[in-house]
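Chains here go by letter, A, B, C, D and E, matching the order in which they are written, and residues are numbered from 1 within each.
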């Protein structure tokens, strides 16, 4: 069995998130990846939909600027991603980084961590759903440390 | 007659809400459950859609963090769930917990109560619609005590 | 000719709005009603869609709590209702009561008035569209007194 | 060639906007209009969709009250209209008046002006697309005076 | 191979953005353009959908006024554009200018720069996806200077 995972990122992003996602996926011998780049977050949904014609799951790597209006743009991009998932009946892991999440260097390491962990999530959704099931309700986080169970 | 109920939860949640939902459902001898876990709330809609190919109703157990942006994420997840319901013509009970609803221990018991009560609601929608009809307009709440009729 | 009107309400509501809607509809000898109850506003859209397989129009009776987040919930419910209308190409009259509209007793009478008047609107959309046409631009209100033409 | 234009308005509106739209359209000998009235803005999208089964374009005349929540209602109505356009692949000119746009008498003349001008836009989209093309980027406004090119 | 690119703009805009987009596209000998103009941003999505019946990609050139409500209008327009992309499985580059982005003369040059650069993006998505791939995560901007990689 081979799993096909699509990775889509943007030229808008300030960190090469795809590199980290692909690195994380390269550890799984049964994964094949396809990759493409679009200008910005609002272009992710339709690109994922297109790649999902030949992939089993997609990872949408988005970067959200620090202005107030950028949150609205992220919202629109995210609604589009919901539509794309439901039209394809496949998962698209939305990996969005917001510049307000920290200083530039913090945001950079959030981006790396979130991209890596969601790449593993994508793989587990396809190949190891019981790993996710065992972590249900455990306060798992991407981009930061897990916060744990209450 | 047997009713098939899908329960979907997340690794993001800080309480094992599925446990409570499944416990509540275990009291109905005519219910069979299927369960899966996704990373976060935005992944619930498509997972429910997928499970609804073989289930009659779904329960989407989501956890919303305490940051302002998390409300936007919940909104996107919820729009996706509306789409999934309307595409499948089946109910998906959206059971979302917001961290701002109380202190950690309050939120924990809200989560348990809401998961249990909506599991029963899911069963009643399928098996006992007259129980819901008899409670129409009665100020029934999940997560808290009922507020009653005005 | 007989008109079939679906009435859907919630257990969350604090007023038995369906009672008023059904009372108003009972005055039309050519109306047959079907009714069901769901837990909350977000469950209305798909229930209306299901009932519209056998009804000509639906009335969605919703109740919105007084917390800030409840407006977001109403928004999601309303988007779902827009989707349901457009998928069925049938009207769904959205009758939402917001707790912030007044004191408990004011809200109660708003709920009664709005449910009754929109029940008549539902009937007129099917049976007497010219009554609506004659009231175009007249500042007609449901829940409160008409405000009139400017 | 004859163009069929649907005009939909509401009983909620405080100005008879359809009158102005129809007056403006009556100057085009090759236009035939169909008209209907719904209770409020959220009912416009599905009514337009229904009329677009026999019309080439629709004009949705909506009125938005002055309360904060009314903007949310307008938003939901507008999302519905986007859906209706994309499902029919036909234009629906959304002509919404917000009460906060001015004093009652200002709002009244905004409503007249906007309804008239968008009626002409609807005609031009069907019959004279080059008129629109010649005005591209010219700061054309409906409801107010044109603001012109920067 | 010839690429067909649709350019849609509005009469509402205060800058002739289509001129810049078309100028930028004229440098590619293998591009053929089709163009049309609609009244405002909310009309862009369905017009793009219609032109995408014969084009490979679309550029939606929108202008957003400076009032608070205009952001909501942009949001609705943008949701419509997401729907149009996903219904056609083709890219629509959303090129929106917000009046609050600067003084009139700043906004004018933002509009020119953004229209030109997104026209090139549209071409690259069709003809040179590796150019986009090479710029992944590089902090590329349209309307302003690139901000670069962190």
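Keep this in mind: a residue touches a chain if its C-beta (ideal position, glycine included) is under 8 Å from a C-beta of that chain, and two chains touch if they have at least 3 such contacts.
Remember, predicted model here, so these are calculated numbers, not experimental data.
Common neighbours of subunit C and subunit E, by the contact definition above: D. Annotation, subunit D versus subunit E: rotation angle of 70 degrees from the Cα superposition, expressed as a multiple of 5.
Note: centroid distance subunit A to subunit B, computed from Cα atoms, is 25 Å. Our note on geometry: subunit A versus subunit D, Cα centroid distance of 40 Å, whole angstroms. The set of subunit A residues that touch two or more partner chains comprises 75, 79, 83. Those residues of subunit B whose C-beta lies close enough to touch subunit C in the complex are 71, 74-75, 78-79, 81-83, 85-86, 89-94, 98, 118, 121, 125, 129, 132-133, 135-142, 147-150.
Contact residues of subunit A toward subunit E in the complex are 9-19, 35-39, 42-43, 45-47, 49-50, 69, 72-73, 75-77, 79-80, 83-84, 87, 104-105, 107-108.
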